[in-house]
Structure formats: structure tokens, C-alpha cells
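See the structures that follow.
Heads up, the next two complexes both have chain A, just with different partners, chain B and then chain C.
Our next item is the complex of A and B:
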């Protein structure tokens, strides 16, 4: 009996055994000798789609065909790069033209892929090979500053939806052979192009390996966006905190590459994923490094204070009003009491209504065209600022609290982290309304314990606080002068920890000389 | 448990031991000790620290002979399977009782000071759930959490120091008025609050450092805790008159800072208590960890996380039994001897036994 049971178990296991999907061997279909066979094969693959163009091309009495998808290719390019050189070539020149301009291949499956990528294919009768040349339409928008991550000083370049241009922007700034770009593809049915970029001498091999391992397991037929990719390779999806940093800024990616992190680009997506990251990376902005270090430190610590405010302030307010009124100093009691005296709702309802209203206004504003968006802003502002208080539904102090919270939450540079922080305050508000300060402390402990548990590709998420590393604190919520950054942060496990020696050595040298 | 993945560093060990030792006792320790030793209570506290240091040496010696085994693995090895298992079970029970007493005292104080209307079992449940979450992932994340919350101790010291502006140093005199037995009796009270270093017996295989470094680590932790407690005791001795006042204030530290208000904050004690909650959580998490590790090694399960809910359930039931301060006393009377047995006598006996039987773990020198 037992044996049968075990046998069944093993069988079931086998059925669900996970096989890294990309390890299957690539299919191969050789080019047929007869050109008609080739035509019917290609037509069959594309099911005679109307944008598949097959043109007869007779060069020096040799029958050939030109195949391309007119939705993917640029007709000018075809004319200039293919038709005129091939047709104008006479005699032996043809071979050399073909050799110099085109790439050769003999796999028709490859031909299919290339056609889909915007290549043009030339097949000749009785040839076991075909020639291909990329003539894709490149309709890329201009490289502009991303709307969601603007800076005052520094580079205003941002990534766009074109993979090649994004990679160009990176390579342009890091001109060293140590910069490695690896192409990968995901998606079973519709393949998406991915490129992994890292510095060979810095990035940790384990992280690269781990990333590839996770990518191999993806067996979705189509990866719609880089957000879905992020969700598939993230360490823990049961967390409000993003464990992969996505950014549209070129300078940010370059900075992270130089700290030994790995960047992932996807065709058609203007954002780039960075792994591994820590909690604090979400609070950095290139502005911190471009301004004076004292100012940078001040602004950065303000930002980190803003999380504390955004998460805790409404909860603390609720706890104080509901449980610990005695915490308020005498002079403050009167104004607070007079503002909440006639409010019919408990503070939790008050706070929830207001916070949710703000979220709704934000959500409404995001998707609306700018002109209607203004209306929403005005109506929302009036409702929040004035009408609710006059109607006696919400107290004045609550408005102050909600407003400060909203401003604090939106001052976090990363949208994802801002969302996480705004989300976190709701459970805390509920805890505060049931247990007062005790509830807040427990909520806080829960959050901290959660942050201590999280890891991003094998590195602790809350580093350098947990595990604590004093040396790396120089670039978390403070930013010490750049010449202090002699080592790279440990959290990305870089191969080379050393970053610089005395960058301001000129100062000591000069005084020695005198 | 995966031995390679679940390591902690020596520094993390220091903080783990500190967090394990400092617990619910901070609030009542000055009261308890000063009741007996009066103005010499601080001497008692120091003696208690020295005493625990002595035990730490023994514990360390025992661990040194078995560098890769926790106490739960040493027991069956030294005493045979049956007797070893009985002891594992009793250790695990002992930790449950100690932990649930801490839990009961915590909820008692919360009941008295912050949430008088909330039923005790709710605050206990809240605490247990949080502790389960802290503990369940493994030693590395526990250690990270403990290090992360350690700055709270400094805040507590700062708050108490603020109250020192109204202190009267003369209350400390005459020094040494009480007889040595009285002082020793006082240090017995203090020693109960210092428990927690036995955690080392169970986690030492996971610490990445040499034997000597571990000793330095636990000694540092114990010294810190002794100084911390002594400071708290002295602070309450010089704030309240030791002969009369302290007997009236069961939680002297809270009464002390209750009197102060800052520009934006009144009732500082509520703030203090909120921070104290974190300290209590870490020590309850420790007991939870130890007792569920015991149960896990009893049934030879690799990971203890599965036992956490069961153990937490037992904690809740045990903690709900004592209802009033009087019951705590009785509880303590029962528990007093068992502290000696489990923390002092058994490790010492095991230590001696390991020499007699010349049993020692063969250390693979690579």
C-alpha cells in the first residue's frame, strides 16, 4: 500500500516538476532547396498575414525573393540598403555585396524571429542559406527627463521605450570594456527582449547567477511589462515594500552600476530594474549628490523623517485623541478640544475618510487629462480644506494632520515606496484606534521585523541598519562628503570594495609643500 | 535549520544576549531589590551581575567542549537518550513557564498603566503574535531585529537621566549599612531579572567566531546589562527615599518620569512604556524561541517555526492563570528554585560530567 502511495506521490511530483523553461533546445528548420517550399513555409508560419510581403527579386537570372513585414520595416531603408546595392551590383560584385552587407543564416525559425524584429530576408533559389538585414522602423521618442523623477541639478536624460537607445545612453556614460551587456529573452509565446547590464569587475557573480536562474523559471506566454517581470523575480511578493528599484533616470542607473548592482532593461519599457537594493536606496535622489553635502544630508534626513510622519502621524493623532489625551500639554488641550467637540465621528472614521479622500483625489488626478485634473484639484482642495470643517464633519486638527501626512508621503522620491508608506498607515491607524500607543508600537515592531526578514537577491533589505554596518551609514539617511566614500556599500556584495583613495589629496600635498 | 544560512555574527550575539537579559524586569527591579537591601540595593545589583558572570563562565566552558552542539543536542549526548529527552522537555517547559510569567507581568503593567479596560488576553495575544512573527524566520533576522531596536535602551537611559536633576545623592548613604546576607538576599532578587544569558547555550553553534570571542561577547553583554540595571537602581534610590518611598512605588522608574513634562509632551511615562514594550517583546520572543526549539529537538524536527503557534498557545493559557500580584509572588516562589536548577545546577553538573565521562565533541580541524 505504502509503495503504491509513494509511487503516486512521485508521479504527481513529476507532473509538476518545474523545469526552467528556457533550457529547452532551440528548434531548427533548415532552409529548403526549392524556393517555393520556402515561400509556403514562411506564409504558413505567418498564416498569410496581410503585412507579410514577399517580392520576387531576380538578380542575374537567379531567382530570389525578398521577404519582410511592411509593418515593421522602413521602406526607405529597404530601397537604399537592399534594393539598390543588390540590383546595381553586377557580376561578382553581388557576392561581395551580400557578404559585406548581410548576415547569413540557415535556420528558418531564426528567419521568423528576425522578420518579427524588423529584418528583411533574401532567399535565393537552390541556396541553403538566407541573407538578412535589419531595416526596422525606429520610431523612438526623444530622450527627455522622466516626469516622475525630476531633479533640479544634474543630467536631464531619461530612458525611453527603445532598448537600443537606452543601452546606448548607458554605454555612452560608462566607456569601459568592463561594462557587460547580456541579452536574454523571456516569454514562451511572445518573447520579450531583456538586457542585463553590469560591471564585470564589480557585480557579484552570485547575484547574476541568481537572476538568470529566476528568469529561467518564468514560463508565462507573455510578459506584458517590466512591472510583471519585477513581480515574478522579486524575493517576497507578500510585502508592501518593493524589493527591486525601478527608475527611469540614466544617472541613477550609472551610479548603481558603479556600486556593483545589476541593471535590467526590457524592450518597450522606459524603466530599468536595479538589483539588489536596500530600503534606503528608494530615498536617494541624484540631487543629493549634486548639491552640497550638508544640504544633501539635510534634505535626505527630511525625507526619511517624512516616512516616519507619513506612517505614524495619523495613528498617533488617533491614539492621542482616543486614548491618551493626557499626553498633550495643557496649552494645547483647549484648542484641540474645541476643534473636536462637535464632531459626530470617532477619530478613526474621521481620519479614514480624510485619508481615503486624498487617495481618491490623487487617483482621479493621475488618469485625467491636465485640464480636468485642475478641476479635480480645486474641488478636492475645497472639500478637504474648508467645506468638511464648516459642515462640522471633520475637525480642524484632523485636517492639519491629514495635510501634513499627505505632503510627507509625496516627498518620497520613489513612487513605489511612497505607495508602500501610504498603504502602511491604514493598519497602523486601525491598531491605534483599538490599542492606542500600544497598538502603534506593536505595528511598528511588526514593520521592523518584516523589514529585517526581507531580502533582495540574497542581500538584507534593511542594510546597513540591520545587519548594522557603521561604515555604510555614510550614504543612507545622511550623505557625507563624497571624498569620505572610500569603500562601496557592502549590501550589493561588490567584488571590489575599494572605491577611491584620497580624492582630496591635493590639499594635504599642498600644505606639505609649503 | 540550515547551518550555513542561519549564522549570526559576534556583535549580533552581544545584542541578542543584552535583549534577552533586559526585559520586563526593568520596571520592578529597583523596587524589588530596594525592598530588601534598601539603600544598598545597587551593591546587590552589582553582585548579581558578578554572580551571573560566574555562571556565564561555566556555560561558556560547557559550550566550549561542544562547539557545534546546542544544549538540546548536548543533553542526549551526555545523559543518554531517555534521560536527555526528559531534560529537554523539562527545559522547554521551564522556558514556557518563565516566558508566560513575563507575559503575565507585562500584561499586568499594561493593564495598570495604559489600557485598564482592555482584557488581558487581548494584549497578550497581540504580544504573542508579534513575537511569533519576529522569531519565525530564523536566527539571522531575529539578530538583525534585536540590533535594530537596541538604541531604545539609550533612549530609556536618557529619559531616566533627565529625571536625575531632582535627585538627592544623600539617599545613598550610609553605604553598606546592611549586613552582607541582606545584600546577598537582595541580589537574589536582582539575579532573576538578569536571566536570559542562558540563550547562549542554545545559539552558540550559530555564532561565527572563535570560542574566546564568544566569551568576550557574552561578558560584554552581561557587563552592559549589569551597569544598565545598576544605573536604574541607583536612579530610583536617589530619587525616592529608599526606606519608605520605594516600598510605595512598585514601578519606581515610571513614577519617576511621570512627573516630568516637556514642551510638546506630557505624561512621559506613556512614552517610556511604549519603548519598554519593545524590550519586553524581545525577551518574550527569546523564551518563545527557546521553548519551541526545545519541542522541535524533542521530535527531531528541523525547523522550530511550526511549533511557535502551539507554544504561544501554551504561553497564553499559562499567563492567564495568575490573576493578581499575589499570584505572581506564588508563581515566583515556585519558579525561584527552578531558576537555580535549570540555569545553575544543570549546566554545572553537565560541565563536570563532560569531564568525568571525557565526552567531548570531536572538532574537525580543517
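Our next item is the complex of A and C:
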């Protein structure tokens, strides 16, 4: 109740919020005429940090300085790209070298930002401008398949912590001028680079506008990670369901870009956020499209069934043995009775203990090195699973139920959705233990109503179920053959709905050829 | 303070449901109920409950059954007495069988079933049966191959249902038939065999709600065919040849493959005539003498004649028992209400004139001649 109330209060507050804070104009400090003034200004900005290197550079009796942060720059690059051409240039060549290799600017605040990004700056005496060149160290790890989203067939590329390489991976796969990349920055004190990627001819303008509006409101000192960004721009944080899809797979992002969605990258983060998404996007995997469509359909429907199992099965079991065991088939009654007869706890406690144990085993295993992880698996799985039954604390059937539930929950491809589903079964279990099936029905109704009400950047979250669109079901519960997907799904409001026409036209035209 | 209040509110809301909790581990499941009359004309209720024996390490626990009984004025009264005797709460929601002793059934079965329809926790999927002698004795049998008595009797009834010895019915389906004045029910008739096994020995015929006679298996199958309630199989064995060297060669066994029944109710001068035409397509399963095709004409004729005679006998029997298994009364109420009004509501069935013909035709005789 309290939660709902607070949620409502929050909504009311949102409407009265004032203008965004960080839309102030960029400060400007011109380059000083005297080089010493410039040096002291820069030194002042960086508080004489020890990695700020200022070198005197005298070219043809013209006094100049070379400024860079040696923690951000590559000394080889400085030597090859700056020092040798500048020093070797004789006569009038210097000007042309400077003009061709360097970028010019006259704002010292800009100079500060560039230094932080790994640029090197050259200032000459009595010049109102400075020259800069990026010589940053690039220490990127290899592009490998992300561990948390592996596929059997298809591309094995994944994003890494380097923004530029991530964008390169996207641009490389979508070679069209329609692909737009927009750089943004967030964070009041420490700025983080964001890049928004979308297809100009597909992505809905409203969504782009809405995203920028939300970004403008962020007035945090520092955005630590893309997860925090997600929380700041998400529609409803009072929901267990994620409304933004985050992925580390290149092919997944490309697929979504082609459906008119917007991707957001952040410097230093290997995941990419996709907006707007639907509930069902979390159950798709690139494997669905790379395997044959019948198998894809089968596996996808299994996955959707697994949510139902993961959310409901423990609750149903509790309701059955606590309230209405007459629903059990005749032949099942005695085996169940014989296993639960001597259990000292009520079903809810029994189920909670086992479910929480599984969560703990998972949590313990996540952060351990692989070798110790095996030990946890053995201790958790075998020792607890078997011993707890032999000790008569938990019934055999409960172990079966908990195990099926765990397997079902982990078969959901997205970790966030899997977390949401695993979390959701606890309230349902409590409802089942106090109200039986009635409680489950109410809990389920509440969840469904919540899902129908949720929005992701102004688009319905539970599409294509609510609002219902039969055409889009082709690619949600099932996956029909690719040549059937003639239109894009409507939920992301793409500008162009048509995707293809008669991709297998060769079959009907076969007779014409002869 | 605010937090405590909201937690209390949530708890008040959630814990209301616990009142209805009905834990399975505390329940003692009843698998068979039996009703008998004691010599003092009191009701003797017998229950059979499963006893689960923990097998050491084996996957399946052994299930035996134990019988408790108590006498009282009503079923609930007796049940309360049994409840005092056993550990746990008696629960009839998974009950599979309700058995009546012959004497109890003779005085009427409806009063003891009242509680089963009234209390929603009772199982409506249970099967009814009448037992020769005392029903409670049948609960104590010790069959060798199946230690759980209810499972055993249940299986016996299922196989009898498949072989069209008894109709497939539950208390739910019987309820409307039982209270209908124009229709009577037939129930499985069981017999105890040397304290070891139970045998389905045909059908118990009910006159309204009272037991009034029984039919042996072959006749009960024929009755079910006449009622158009054939199960999976309907097998007969008939004597068709005379004075053969081997006695086996005198007989033929056949199964009814397909059937058509026509039942017509006609009223002439307030007299009710019923004609039943049964058209059986049969397949020969056993004919030790051999060469069915040669004999086919004769067999068809002979079997038709024999079955017609049998059918007539069956009808005489059910008329004697005054058991309107065909629901002729219902038809009269529906189509001839005026005739029904002048009929004797109790004994109308005895006065109905039946004209029964059975036609048998061999359509299969297996892969030998």
C-alpha cells in the first residue's frame, strides 16, 4: 500500500519539476597573448597535478609550449605525430604542417577538456589560438563474445569498454548514411560520454526527443555506470520489470536498430541500452533467428512457458498442499502425501527456505573464481539438496518443484528479466500460502494489470498483447519464417513500417523463368 | 510508527486467509467409504485409509490400507466417532469408492449419500457399488498382488467398465438419475471371494433408491448394450454346436465391434409399448471348430436368436426388479405426459410391454478361417 502511495506521490511531483539544470551555455576563456599567462592558467586548472607535462618548444625562435597529460597520452604518438613533423619542418612548412595535422581552437576551457581526453596541445607565443591533436593511449581489450549472452550460431562479437570501438562495430555492420550517431555528455562534475545511435529513416523522433529531455534532467556529479543511467531515465523504477533492454551483443543491437529503436552507448561500459522495448524483447535471443524457424518457435515458446513456471510453480504447489489437494490426480496423491507427511514446517517456510538457499548458492557462485565455484556447486547442489531431504526438513516433491523453478528461471536469456521473474515469485508464494489459488489469481491479475500499464518511453510495454496486434505476434510468442515478417513491429513506432516484400519471390516466379 | 502500522495493516490483510488453510500433511485420506446396517438398525460406517510404509531407499513407498468402523445414527455421527479414534483429520476429498452392504442398499441408499452432495469438500468422482453381504468386510480383504485395497477394487471396476459389465458412472452423474422418478440406476455388484479378492459379479438393480435384484455378468453386458452404453469391449460366449467330440468346439466367443440401437416408445390406449432393436456387428474371437465363413449364415441366425432370447430374459428380470434402467419413464414424462399422469408412478415399469429383437452379424473373424 505504502509503495503504491509513494509511487503516486512521485508521479505528482514529477509534473511540477522545474527547468533542466545543465542546459547552461558553455563557458569561454580566450587564449591569453602571453604564453606565461597561459601556462599559469592551465597549471591552475589542473592544480599543478604531477602528470601535467608542459614542455618548452622553440621552433625557429618562436617560443611555444607543448602541453599534455602523460597519464592519458602515448609518448610514441607524441614523438611520431607531433615532435618530429614540427621540429623537422623548416621555413614556411611549419604553418602548413600545423594546419594539416592539427585542429585549431581558441577556447582554453575546450583545451582543458581535450587534455582530459588525451589530446596534446601546442601553444605559441602571441598566438590567440592553440593547436591540438589526439594522442591518447588506446588500451582496449579484444572484441570477444560476452559471457552473459552466448549463442550457439551467429556472430560472436560483443561490445567492450571502449566507446569508439563499440561504435565502429555498429557502423561496420550498418554501412548506410542513415545511421546517425549523436554524442551527448552527462554528469555535472565528471562528465561521461554518451552516444545515441539510431536509424534516421526509422527511429521515431518523439522517442529521441524524450530521451534527450530525460538526459537533460540528470544533475548528478558523476554517472558511475550505464546501470545508473538506466535507473535515471527509466519510466517506472517502482516496477520489478526492466523497461530498458541492456545487451552486450552487436547483432542484437543491430536487429533492434533496424526495427526503429534507439541504442545508447556509454564510454567505459560494454553494455548498450535499447529503447523503447517490450516485455517480450527480453525473451528473444539471436539464436532464434539463426536456427530454423520451427526450432526457433519451439525454443521461444519454451522460454515463455518458463516464465509461467518460474513465477507460478512454487506458489501453485504451496496452494495445492496447503489448501486444495483435491485437485491432485488420484495416482499422484499418495506419493505426494508420503513425501510431505513428516515435514515439520508449513509449506511456505519449506518453500522459502529452499528458494532462498538456491538464491544464495547462485549469489555465492557468481563472484567466486571458477575453481572454488565448483565447490559451491557440489556443496549447494548435492549436499544441501540431498541432505535436507534425508534430514526430513524439506520434502522430496518440494525439491523437485524448486529445481524445476530454478531451471525455468535461468532459461530466460536476459539476466535482468530472470531476476525480475525470480523476485516476483516470492510475493506470489506468500499470497498462495494465505489465500490458496484465490491468492495466486489475485497476484497474477495484479501483475498483468501492472504489465499492461507500464510504458517504455511512451510506448506500451506489453505490446503486442496490450494493445493487441495480431501481426506482431508473429515475432513474439513464436517465430514464423523470416520471409513472413513484412512489417516492423508497431511498438517502437517506426517511421517506416514496411520491411520487405516477397523475399522468397523466386519460388512463385519459377515458372515464369522458363 | 507509521511503518509498524502499515506492516500491521498488510498482516491483517494477508493473515485472514490462514483460517481456510487445510494442510495436506495433517489430513488422513479416506479412500473407501462403506455403509452397512447393524442388527440394531444403526448405521455402520467403514473407512479404508492408506498406510504408507517408508521403504528404505526405494523410490516408491509401500501403501497398505487399514479399516476403521463405527456405528451411529447418521454417516456424520459415525464419522465423528472414527475421527476420535485416528490421528489426524479424516478427509473424504480424495475418496474413490462408496460401497453399500446388501441390507443397507435394500433400505435405500439416498439418505447416506445426502452428506456427500451437501458438503463441498467431498469427492464427486467416487464410484458407487453394492456388495453382497456386509460391505465393511470387503474393506478388510488382503489381495496379494496389490496391497492397497481401494486401488485394487478401483482397478477391478475399471476393467469391468471396459468390458461393459458395469456402466461408467460417478456420484455426480448418478445424482440426477437417482432423484428422477422416471429413471432408475444400476450399480456395480461386488462379491468377496474367500477373504482375498473382490469380484465384480454383475449389476445391482435399483428400484428407485433401493436395491431390488441383480444381474450376472453376461446379462449385465447385454443390458448395457440395450441401454446403448457399450464400453470398450462387450464379449459373449455362446454355445452354437451340439455333441462335438471336444466340449470346447461347441462354443463361440465374440466381441461386439459396432452397434446400433433403436428404442421406440409407443402409447396405445394408455398402454405403453417399447420396441428395442439392437443391431450388432460382431467379430469372432474364438471358434475352435474353425471355418467361420462356411458357417457364417447359420451362426448369424443362431446368435441373433439366442441373443434375442437372452435380451427378453434380461428385460423380464429388470421388470421383476422394477428397475427402469432405460429411463422409459423419462420419455413418457417428456413425450406422453398424459399417459404418465395416469400411470402408477411406482410400478409403471412392470406393466410396459417390451418387444426386443437383436440382430447379430459377423463382420470379422480374425486372420484364420
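We adopt the following convention: the second predicted complex is superposed on the first by the 491 of 514 C-alpha atoms of A that agree within 3 Å, B and C clash if a C-alpha of one lies under 4 Å from a C-alpha of the other, contacts with A are read in each partner's own complex, and residues count from 1 in each chain.
The definition used in the following text is that a residue touches a chain if its C-beta (ideal position, glycine included) is under 8 Å from a C-beta of that chain, and two chains touch if they have at least 3 such contacts.
Everything numeric in this text was worked out from a predicted model, so none of it was measured.
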Chain B versus chain C as contact partner of A:341, first or second or both or neither: second
Touching partner for A:324 - first (chain B), second (chain C), both, neither: both
Partner chain in contact with A:224 - chain B first, chain C second, else both or neither: neither
Partner chain in contact with A:448 - chain B first, chain C second, else both or neither: first
Chain B versus chain C as contact partner of A:436, first or second or both or neither: both
Where chain A meets both chain C and chain B, residue numbers: 323-324, 326, 328, 330, 435-436, 438-439
Chain C residues within the chain A interface of the complex: 6, 9-10, 14-18, 20-25, 27, 29, 50, 52, 54, 60-61, 63, 93-94, 96, 121, 123, 148
Parts of chain A lying in touch with chain C, wherever the complex brings them together: 1-2, 320-326, 328, 330, 333-338, 340-343, 346-347, 430-431, 434-436, 438-439
Complex contact set, residues of chain B against chain A: 9, 11-12, 110, 114-115, 118, 123, 126-127, 130, 133-134, 137, 141, 143-145, 147-149, 261, 263-267, 270-271, 273-275, 277-278, 281
Chain A residues touching chain B - in the complex, by the definition given at the top: 323-324, 326-330, 332, 435-442, 445-446, 448-450, 452-453, 460, 462, 465-468
